[in-house]
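Everything on this sheet refers to the single structure shown next.
In order of appearance the chains are A, B, C and D, and numbering begins at 1 in each one.
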Amino acid sequence: MPYQVAVSGASGYAGGELLRLLAAHPDVEIRTVTAHSNAGQPLALHQPHLRSLAHLTLQDTTPETLAGHDIVFLALPHGQSGQYTEALAEAPLVIDCGADHRLESVSAWDHFYGGEFHEPWAYGVPELLVGGGAKQRSRLAGASRIAAPGCNASTVSLSLVPGVAAGVIDTRDIVSVLAVGPSGAGKSLKTNLLASEILGSANPYAVGGTHRHIPEIRQALAAALPVADSASEPEDRVWTSLTDAIRISFTPVIVPMARGILATSSAPIAPDASDADIRGAWEAAYGDETFVHLLPAGEFPRTADVLGANTALMGLAIDRAANRVVVVTALDNLAKGTAGAAIQSMNIALGLPEATGLTVNGVAP
Amino acid sequence: MPYQVAVSGASGYAGGELLRLLAAHPDVEIRTVTAHSNAGQPLALHQPHLRSLAHLTLQDTTPETLAGHDIVFLALPHGQSGQYTEALAEAPLVIDCGADHRLESVSAWDHFYGGEFHEPWAYGVPELLVGGGAKQRSRLAGASRIAAPGCNASTVSLSLVPGVAAGVIDTRDIVSVLAVGPSGAGKSLKTNLLASEILGSANPYAVGGTHRHIPEIRQALAAALPVADSASEPEDRVWTSLTDAIRISFTPVIVPMARGILATSSAPIAPDASDADIRGAWEAAYGDETFVHLLPAGEFPRTADVLGANTALMGLAIDRAANRVVVVTALDNLAKGTAGAAIQSMNIALGLPEATGLTVNGVAP
Amino acid sequence: MPYQVAVSGASGYAGGELLRLLAAHPDVEIRTVTAHSNAGQPLALHQPHLRSLAHLTLQDTTPETLAGHDIVFLALPHGQSGQYTEALAEAPLVIDCGADHRLESVSAWDHFYGGEFHEPWAYGVPELLVGGGAKQRSRLAGASRIAAPGCNASTVSLSLVPGVAAGVIDTRDIVSVLAVGPSGAGKSLKTNLLASEILGSANPYAVGGTHRHIPEIRQALAAALPVADSASEPEDRVWTSLTDAIRISFTPVIVPMARGILATSSAPIAPDASDADIRGAWEAAYGDETFVHLLPAGEFPRTADVLGANTALMGLAIDRAANRVVVVTALDNLAKGTAGAAIQSMNIALGLPEATGLTVNGVAP
Amino acid sequence: MPYQVAVSGASGYAGGELLRLLAAHPDVEIRTVTAHSNAGQPLALHQPHLRSLAHLTLQDTTPETLAGHDIVFLALPHGQSGQYTEALAEAPLVIDCGADHRLESVSAWDHFYGGEFHEPWAYGVPELLVGGGAKQRSRLAGASRIAAPGCNASTVSLSLVPGVAAGVIDTRDIVSVLAVGPSGAGKSLKTNLLASEILGSANPYAVGGTHRHIPEIRQALAAALPVADSASEPEDRVWTSLTDAIRISFTPVIVPMARGILATSSAPIAPDASDADIRGAWEAAYGDETFVHLLPAGEFPRTADVLGANTALMGLAIDRAANRVVVVTALDNLAKGTAGAAIQSMNIALGLPEATGLTVNGVAP
């Protein structure tokens, strides 16, 4: 019997992508879709591309409508998941696509988000090294509470963690600039998200260290640092004592494509790291992965190549003249960046084959 | 009587933009337009937007057709200008939009371009500081031979030169990532420039230190270094002895907009540089400029804001957590990046008001 | 001394384009810019591309702030101009970019707009034939009140009026399908105008005869009908008695370009109309026009060719197999479609050279 | 055991989409991929989005490399299939994505294509009515030779055939204008397909009755005409005697989206046809179809809603003022328009469930 699933925030972009992927998943049944202001309306009005689900009606997002399912997906604005997670204490599996359960550090939460702090959940990027050769995957197996990642954060973290874990890059001067599609900002009625503002233009935002995905990246990179006793450190270790150990200049730029992230990340080459050391670190980290691929030397990915797929494609260059390792990674912010990560993590948590219902091939051109 | 002008490469993108701007310039008359394979065809077939010039026919690009003009613009592929510049020895003013006369270093030319080296001409970015408080403008006054800049190069150079000259950034670890429109690559029949490849996608290229604009940027930044005896150095100083002094990781990413460059450039903050020192450096450099504007703190430019204009807009952030100064600059690669720079430089060379025929306002949305 | 100008709705798209063009106009001085909810803010916050006007502050749109100018432009949402036009009775020249003063028929107004009816003003499409060989231009000379056209309406009207006036097309079965950029819908916070909804997609709207520009087109075409006694008809003639004489199926489709309209309009060939008759009608109508160009047979325009220009470019095909004349017209909805038309009409009204401050060349690519 | 499949033209857009869909099909194994000039190269170089097939190498397209498979797909330029189809006489199932086997009329072929005429094959649009209540599906069952449709042709044919078959529209004055993505034109190195030419612009082509899909549409509509004795007519009936019975004005406009077709088609309302008659015709035709959906009255589709899907979405309006039925249909030119149609037809020919390996949900936003 398939798992019974509820998806909240079903009229938004992340909710829509969850539904698109779940509709193709053989082991789940979408029983309930909920929204706030759009409750009572046909799902098809808000997700006209989901033809196989056109019969569904949006219910109100309440603890009651979400109760009684095997799996509950929360695709709500940041700061709203917390009120439901307590009421959903009985739910066997809850997966939050918001930020509420991602950060381990109270001070980082306070600095970038504010409001009530919620406990961190298993982080839904299975391929991330977490020290000692282990990956997040091991924490997701059997998990009952999962925090899907921020799309920009997971792109950058996946890009650099192999180099961090192998000690071949200097984590004190990372620079990451991302070309991103506007769907990452959600279906929000803001002037800067209007088509007329974005078509034919490249628009930076959150320049200078203010983007909320920065602490999430630093946390992921810190977890991979080859520090002997990191396991014994208190939870605020990352944000406080690592201020000097992991520095990142992070600039997202909205470009005229609905979906996609292309992150160009670089860090100084560690002294004595050979080209083979460097490339070997990424090959070792991802050689066996289904959804994270390192391209051959000299090749770099395009966002179109991963459209709709659960794949992160990356290319790596070693620029000795600039003394930097450059990693360019493409992923689909709604798929591998959010909903695909959530479902991949769900598969792991439930003991299903990890790739169930997901595709490695993008829709291009 | 207006200056008589010839434009070669008139069927291409740079040539088209030269013609668009020259057609609005009160002091010139476009007498001759030339091309190679398209010679003999109506200009309107290749530049259908230039309605006021629809009566012109493309002539063959030869020393003879270009001879006898007051001003000759060369908008030819790299490596082709040299063969004409000797034949044009009599021409009062020649402006090359190609790379042939930009680099001072033979070894840099050999490394990035190859083929015959040509002498460097006055560099067509008037607002660039060149040391000792002077700007390129002073070298352009009365010049008879001008090299228009590379579009990416001038964007990055304008972004950082004030900080270099003031000594408030560390030039040994510059990182620049650019979102660029495909028109910068010219009207070339290459698969990676097809619309189907670029629409809905972000496509990196020349990753890892291979882009030909890198030596041009290093040369411009080096010229602004506060080094006492730089004037006495041999011409290859930049490329050889400055290898360690100026390092730049440079990654362009083609995004789905026809025109525009948005460069996100950053460099470590120099020790002891205060926020006021830093911001003051840029304010001092550009406070009086017509076409280079520093936006108020917290504001950053979009490429749409400079479409068709001769303006470079920049925003500056000081990210103390990352220890980097971040400068985001938008300009139109065909206008301020190429043809606008050429005409602005022409105005200076001829002693005309610098802004003649140019606009500071972009076409948006 | 330059004319003193006020622009209301200055934070919107039409207002921004008025300001961009007025800033380049040698005979006007922009003294006042006004807005509603954005009053008190710097203009630069809302029109960051208008660098030469960055010193202006938005005032509140009231009869008082608009009073005392030589020329007042109203760029307000439909139905809002009326309240100002009475108060502006003293203003020498008022130009409304809204719909309030376009329609001659009360019943058409009631059907498509509703609310209070306002008297029709001189219609700001100078090149439109209005019967007897005259053009709208003659009505604009010396006018003190001008209604700028709807952008889609003027595109279709310019496309077909020559054929209507010459009697070479059958006006009872016109079909027009338009590819339009979203800026025509204004800077409105609506979900269907979000970039994520429009990027990579073609989105029809107002299908089936509901678009508000339909009565405006029918009025313009009816005015050109070769009817002997049309001058003696009552004002509601168009909408009522011409119901059968002019029928148009009109479908706009939003496509992913910020600006531009490409209208493909067709009508049955009138019996006995020869190819020479047909092409000759358009050639005769526009042969002497500065801003409306018929391309050579076999050539058709692209919207990029008129970006930022005051030009309407059209191509004409005679499809005998389908028995239709097909006219494809490109114009920039904000320029020639709205603000350019307003300023061209202003020039005529004031007796200035018609092309003052306007350009015929587009910004391409 | 899965069917062994060969795909020729595997480095192009249609070939890439065939491979993407076949890779997700449970009953086939992709054994051979072939190309012409790219033979010998890795498939991944040309189809970097097909990660699951990255191990394949392109072989030369020859009768020998294509021989010995259960199913052969030809995705070759028009006019090239014929040379292979004879050599492939032994192949159990051949599916041609080119035009060579679509047309029944020699004179239509000569007029629009020229070169050697090839016999028509079963036409790969299963949902098309073909007279007497039957659909193309019945001709595809058990077929061994299938002609996949032209993407524009099938969009328009699906839009109108229900009205033709029911006699509720007048087929003598059809008008169809299509917004299309450039991928329909293939991976061809032509200036008008460059990104710089298409970004931010709407570009018409083949205006005035010259597009090669016109005879294909007329053939499909003619097949649905309620003519008693149509079965007894000679094959050139369509093109010759139906010249007056089916007339279509057809204009495609390239817009800046990689994929997708939005066709706005209209025809005069037949005398006495009621609204219920009209809407009922489409409901009856498609009510039971998996992949062709009529949206509720007042709703119209967007191309993004069908991206990557095998779905044709259509909305219908009855415009009594214009006396036209207007049908707006969205489909993905590479999926439902070409490769999806091919695979759906393959499923039918092989007796597999028709939807195997295909999806009804699009990738949006």
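By definition in this document, contacts are C-beta pairs under 8 Å (C-beta built on N, C-alpha and C of every residue); 3 or more make two chains touch, one makes a residue touch a chain.
As the structure is a computational prediction, the values presented were derived from the model and not from experiment.
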A-C compared against A-D, more contacting pairs: A-D
Label of the chain whose CA centroid is most distant from the centroid of chain A: C
Whole-Å gap between the CA centroids of chain A and chain D: 37
Rounded Å distance, chain A centre to chain C centre (Cα mean): 46
Touching two or more other chains - residue numbers and ranges from chain D: 13, 183, 196-197, 199-201, 256-259, 301-302, 304-305, 307, 364-365
Touch list for chain C against partner chain B, complex: 13, 16, 20, 23-24, 47-53, 183, 199-200, 258-259, 293, 299, 301-302, 304-309, 311, 313, 359-365
Interface residues, chain A side, partner chain C - complex: 13, 181-183, 187, 189-191, 193-201, 254, 256-258
Complex interface listing, chain A residues touching chain B: 173, 175, 177, 179, 196-197, 199-205, 207-209, 243, 247-251, 253, 255-260, 262, 264, 266, 268, 300-305, 307, 315, 317-324, 326, 328, 330, 364-365
